[in-house]
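Below are two complexes that have chain A in common, paired first with chain B and then with chain C.
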Partner chain A sequence: MLSDNAKSDIQKLMAQYPDARSAVMPALHLVQRELGWLPDDAIQAIAELVGLSKTEVNGVATFYTMYARAPHGKHTIMFCNDLPCALRGSEKMLEHLEHKLGCPAGHTSADGAITLKEAECLGGCDHAPVMLVDGVEHWHDLTIEKLDEIVERLRNT
Partner chain B sequence: MPQVTIDNKKVEVPNGTLIVEAAKKVGVEIPVFCYHPKLQPVGMCRMCLVEVGTPKRGKDGQIELDANGAPAIAWMPKLQTACTTVVSDGMTVRTDTAQVADARRAIVEFLLTSHPLDCPICDKGGECPLQNLTMAYGPGQSRFPVESKFHNAKRVPLGDLIMLDRERCIQCSRCVRFQDEIADDHVLGFAARGRGLEIVTLSDPPFDSKFSGNTIDICPVGALTSRDFRLSARVWEVRDYPSVCAHCSVGCNILIGERDHAIKRIVPRENASVNEIWTCDKGRFVHHFTVAPDRLTTPLVRKNGNLEPATWNEALDLVASRFKEIKWHDPNAIGGLAGDRASNEDLYLFQKLFRQVIGSNNLDHRVGWSVTNTGADSVRVYGAGVGTNLGALDQNVTALVFGADPEEEQPVIRLRLKRSARTFGANLIVANGRVTKLAKYAKQSLVYQYGAEAYFLLGLIRAILDERLENRDFIATRVQNFDAFATSLEPYTVERCAEICHVKPEKIRDAARQIAQSPNFLILYGREAMFAQQNDVAVARALAALLLITGHLGRANNGLVALYPHNNSTGAIDFGVLPDGGVGRTRVERRGLSAREMLGRSNERPSMRALYVMACDPAADGNFVKPEFLVVQDLFLTETARLADVVLPAQSFAERDGTFTNTERRAQLFRAALKPIGEAKPDWWIIAEIAKRLVSGLQFQVSGSQVSGNLKPETWNYATASAVMDEIAATVSLYKGMTYAALAENVKLPRPRSGQGNPSEQPTEIAMGELENISSGKVWASVAESDARAKFELVWSEPSRPLTADSRPLTLAVARSLYDGGTLVSKTQIVQARVPAPFVEINSQDAEQLGIADGARVRVSFDMRVIELDARVDGHVPPDAVLIPNNLDGTAALPMGARVKIEKV
Partner chain C sequence: MEHLILRDLDISDIDRIEVYEKHGGYSAFRKAVKEMAPDQVTDAVKVSGLRGRGGAGFPAGVKWSFLPKGVFPRYLVANADESEPGTFKDRQIMERNPHQFIEGMAIASYAIQCHHAFIYIRGEFPHAAQCLERAIAQAEARGYLGEKILGTDYALRITVHRGAGAYICGEETALLESMEGKLGQPRVKPPFPAVVGLYNKPTVINNVETLANVPLIIERGADWYAKIGTAKSTGPKIFCLSGHVNRPGNYEAPFGSISLRDLIFDLGGGIRGGKKLKAILPAGASSFVINPAANEAVLDAKLDFESLTPFGSALGSASVIVMDDATCMVWMAKKTSHFFEHESCGKCTPCREGTYWMARLLDRIDSGAGTLADIDLLANVANQILGKTLCPLGDFSTAPVTSSVKAFREEYERHVKERGCWARK
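Coming up: the complex of A and B.
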């Protein structure tokens, strides 16, 4: 299920904690990056590596919203829907995104490239509106033009 | 010890006590949902909120006093959870204030926002903490409209045994914590969060645990229900009868819930010394055999070649007249086989019938046991001291678990040893021919070669002697023959033993040091070592020697526990259902024939003219030749019964009173819960009736004028099982005073029988452990503890080397599966999925050499037999051994330690 690289990376992660089981969260991130989501077999493989039961690893993977237990787009956009962003026009922008991707928030574009999700505060209110791409790229001071540019780039990578 | 004041009542409690427990001591009830005394507190449900204050201290650190001269209390600004707050000296707690009442009301209202309130169709209704606490503390009305109820799946199977109702779950996590902390099978967990939170199991098979049923008892709502009991009765219609589980040798205390003359459910009954408040799923669910449609309901007598229904008189007269006739020619032509599932009363009378009326010592209970020595002598002399509690061994106790697999054979003992090791720090040394589940709790897990068990033990003894770690004071005063013993062991160096048993010498030495230096040392020895072919005597003697040279006997937490296979194996030995052992573990002068000798081989004439077979099924093991006259007494028409001349229907444990003696020598009382099925009679009654008929005729046969006391029919008049036990309590020294009245001490029903008292006032939770430290039953004392001046002789026997045979290179280890193909299990449909398909487990190294892949079909040949099985290659067995669980489809009566050959089909 897991690549040899992923396995050895997880083993390295485990060595960084006093209790190897603590590596479960970074391990889930790592595997999700590799596979795009977390199928049952991956949960099982991680459980065996870190010494937890499958049920326990599933508990962690379903508690945190940034882990995906179902297949989704190649990229994920988490778009902030909190008040400061709304005051700076985020609602319009989300609508624009939905049009552009051809799917409502919570769904994946027809070409499978991008999953659009709404998110609570992403911690960038002083530069609202804000969104997070693939869990790592933090975009702020968004405009319609900027959105178009990012979506184009994501579609092509 | 800190002193606390709870609702103006003062109480002193040990350090570390939680407020909720301290409150119980002064009779203040603090309502809880997520808290359970057996589990770690988590503070999830918030039902236990109380006001907490501590003495106010000035800048100088002195306690400030109020106007009345009492310490001023600094109240915490918000309510605290009583289940997670540890008491401190001077702490003051208030549970009777408006603020607390308000909080409880709010919590109940909150919990009920997403609860369906379907109590009228809920199994838990009537013994439900949520229902009770809502009535006691709830608001009576909700501010949330009923339409806003959150709806969810109501029938989610968690495996074959448990059903989850997601709407009812209040997310207290008691079930998850039970599985993690007590059962240590991490197969239940939360998934998602918030309103989407649910209990899930992802194991294969789902909810893969032998203890899953306990989660039903501790669920404080009706979320987890038994798929067996579900919707079949209201709990207040079920009458509870105290009983003892009739499966394995742990002897878990249970309550049989009866309604309409059938067992509706079985729940554990608390006994702190045996099962705490738990039981395994086999004990809970495998009870359907009691009312199975194929139970024998009338005596059967063979007429014109067919078994035809007969009256009791007809059947008993026939048995007595044939026994009388055969006895007249030769009493030793009559043999008796009594299964170790029968009660003490039955077994006692069975041997009394044979020894005193028939005059034959041909008696045995070891049908299907490949063993000649049951360690009976060792247990009588060195048995673990009275007061030993396997669930509360602490860091001062080292326990050697030898050749046992409690997870499959005595599941609750696995739970208890785990608790001892993990909670109290007991030092477990686990030694077996393979790695069992218990090994993960051991400080040392040692794997020896099957067949070399005795060498491992001799290695331990030698290591102790080499380092002069033996208990010289004890040896000087109590042990005979020490010098000769030590000298004769000289050739058995640790290195030599290590080489034969395949355990590294330094590991043997390390274990030996721990054993000798530990203040207390206990041995639990299991079937795999007890049944060690060729070496069963050597193993039993070496174990005794280990205890003797270290002086670890005669007191609690020291000595030997033999982990027997069945519920009353101990009783069968105690009451002398053995060719060479008499009642009360005495020796008989003239040894009779053992089961194996009586049954003979298929190509021989049977050595017995008549056989009386009670509660066992020798024909199922194959090679059975019917003697001239065969009497079978059982619940079912077993394979042996099909061949019988007379079949006598017996009552199951649920229909009658009796006692079983568990593997720790604890005699325990069980009570009738059901009406007899058909005309079935208790075993003790049937035996007594046969004896009476024999005796009344025999009086005239006895030569001379003296008629011995036991040949008077009136000595066989027992009105009840209790009367039989009275005779035992008066005449058998081990069981002195163990009358039903004595055994019933502390046997308590957690709630009054239905129909008695006001239901709303009855305590209702089944498994809160409220009776902590209540234990019942009586343990008989071993010689070592009852006789402080007894001298012991050190003996050992030279073990034979592990067998080798070039043509059959592997050693057969016979395991057991908790759920097997036995008659009792086969009548309970819902556990059938847990009965494994027969398989043979092979080490990956051997498998590779033989070209066998996981799942391949293989042919296993041993002794005179060949069986075909699926192979499992998964690393539990060491090289050179194969493992086959006994008593699955086609794997009955396997010889432990035999040499086998394996080939691909």
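Coming up: the complex of A and C.
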């Protein structure tokens, strides 16, 4: 299931720490980057490499919100709706996104293009509202127009 | 005035190591490893009065000196899990002035004789993590990290460890659990991390901003540093300003030099859209809310770790969230309660159940279905959490709730009597 590259990268990660178990979270990040989500057999493979039970690795993969244990859309939007963003209009923008994507937060649009998640504070309150796309792209000072543009772009890529 | 921490505001490309060096960068670390004994470094930080910038304000040098003698290896972990709603100072340091933070880590590591230090950075900061990786690689190439540093026998490497979405990991023992590849749930204290920390070894955990102050102390002297700020809160502080102000952002000023009025109305350009100031959360979502109308003197208290205490609040990490007069305080408490309900790690029953019930009660009152008894019940549930959990998250969750019921009780009662929220009618 895991590519040979992924396996050797995980082994390198394990060597970076005094205790190989510390490589679990970076390994989950790495596999999720490669596969898009974390299927059962990937959890099993990581457990075997790091020397833990599948249950322990699954526990970690389900405790932290950035790991996906189910397949999701081609893109993921983590939209911040905490107080500092909400003071600058995020609640209405989230409603707009839900309407535009045709699904509530926590779900994927019918065309499979975008999974919408409500994020907890993304640490960008000086440029609120903010969101994180595909775990890497930070967008800030959002407006309805800007959201529409980004969604269109994501649908077409 | 010259910025001491947010130096990127004065020198735009200070994230490049050669620019940082040109402006004195890494000379403090050079001085520490070549001219000072490790204990002398710790003593200098003690004399400087540097206190932790993560919110608790514990003296950093004292923390370092808690490590038991002769027990090795020992670890330094930089807490870069900045997740408190309203806080965004460490991100700016890591993205735009990363070397000052890395140099601070190197000096702190030398002081405690740690040879492998870690940065625990929240997963939602991919760009900051990249900036750190790049800064570490540059520092390695220049001989500031690695083996035989600057011709001495001292060796140090720094590993960036990414979290994956959990506010609780900002709590130091939950952070250690997470670093070890486990669920981010707090440990029972004592033993404290200084004695039994990462991999059960002596460990110091400091906030990013705290560590970024360390090079200043070694480079310019502890006595020079101690003169900045007030007697009890020394040095510069970054104030994160967000919410209904014209110019949100990070503002650096010495402790005790500016008031909330200066921050909001002068630096922040006042309240947006010509509205009036109604309420302030000075320490992010875990604040006791300030109602300036009840006592205007709170706006003029010069900000340090203790100056808001007489007004029933606290500065914490100085994450100042400002709200205008169109903001509903029940809604505010509902937002923070939902945050803490989501972020409770589930280990302690009072927090896990209590944050759930506070959120349900606030939903009910906000929607207009609440009763007057619900308001008292809310305070009662908060009291069932307070002081009954392993880590401060439980206590934090109650602060905006109990303080808003106290300061804005008529607003809660109005929701009951008018069957809903005045602000959304």
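Operating definition for what follows: the second predicted complex is superposed on the first by the 157 of 157 C-alpha atoms of A that agree within 3 Å, B and C clash if a C-alpha of one lies under 4 Å from a C-alpha of the other, contacts with A are read in each partner's own complex, and residues count from 1 in each chain.
Criterion: a residue touches a chain if its C-beta (ideal position, glycine included) is under 8 Å from a C-beta of that chain, and two chains touch if they have at least 3 such contacts.
Keep in mind the model is a prediction, meaning the values are calculated, not measured.
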item	value
Touching partner for A:Asn58 - first (chain B), second (chain C), both, neither	first
Touched partner set for A:Leu30, first chain B, second chain C, both or neither	neither
Which superposed partner A:Ile43 touches (first chain B, second chain C, both, neither)	first
More chain A residues in contact [chain B versus chain C]	C
Touched partner set for A:Ile150, first chain B, second chain C, both or neither	neither
First, second, both or neither for A:Ala105, with chain B first and chain C second	neither
Those residues of chain A which chain B touches in one complex and chain C touches in the other	52, 56, 59, 63
Chain C residues touching chain A - in the complex, by the definition given at the top	73, 82-88, 91, 116, 122-127, 159, 161-167, 178-184, 199, 240-244, 248-250, 281, 285, 319, 321, 323, 327, 332, 335-336, 339, 342-343, 345
Complex contacts: residues of chain B adjacent to chain A	186-193, 200-203
Partner chain C, residues of chain A touching it in the complex	16-19, 21-26, 28-29, 50, 52, 56, 59-60, 63-67, 78, 82-84, 86-88, 119-128, 132, 135-136, 138
Residues on chain A engaged by chain B in the complex (per definition of touch)	40, 43, 52-56, 58-59, 62-63
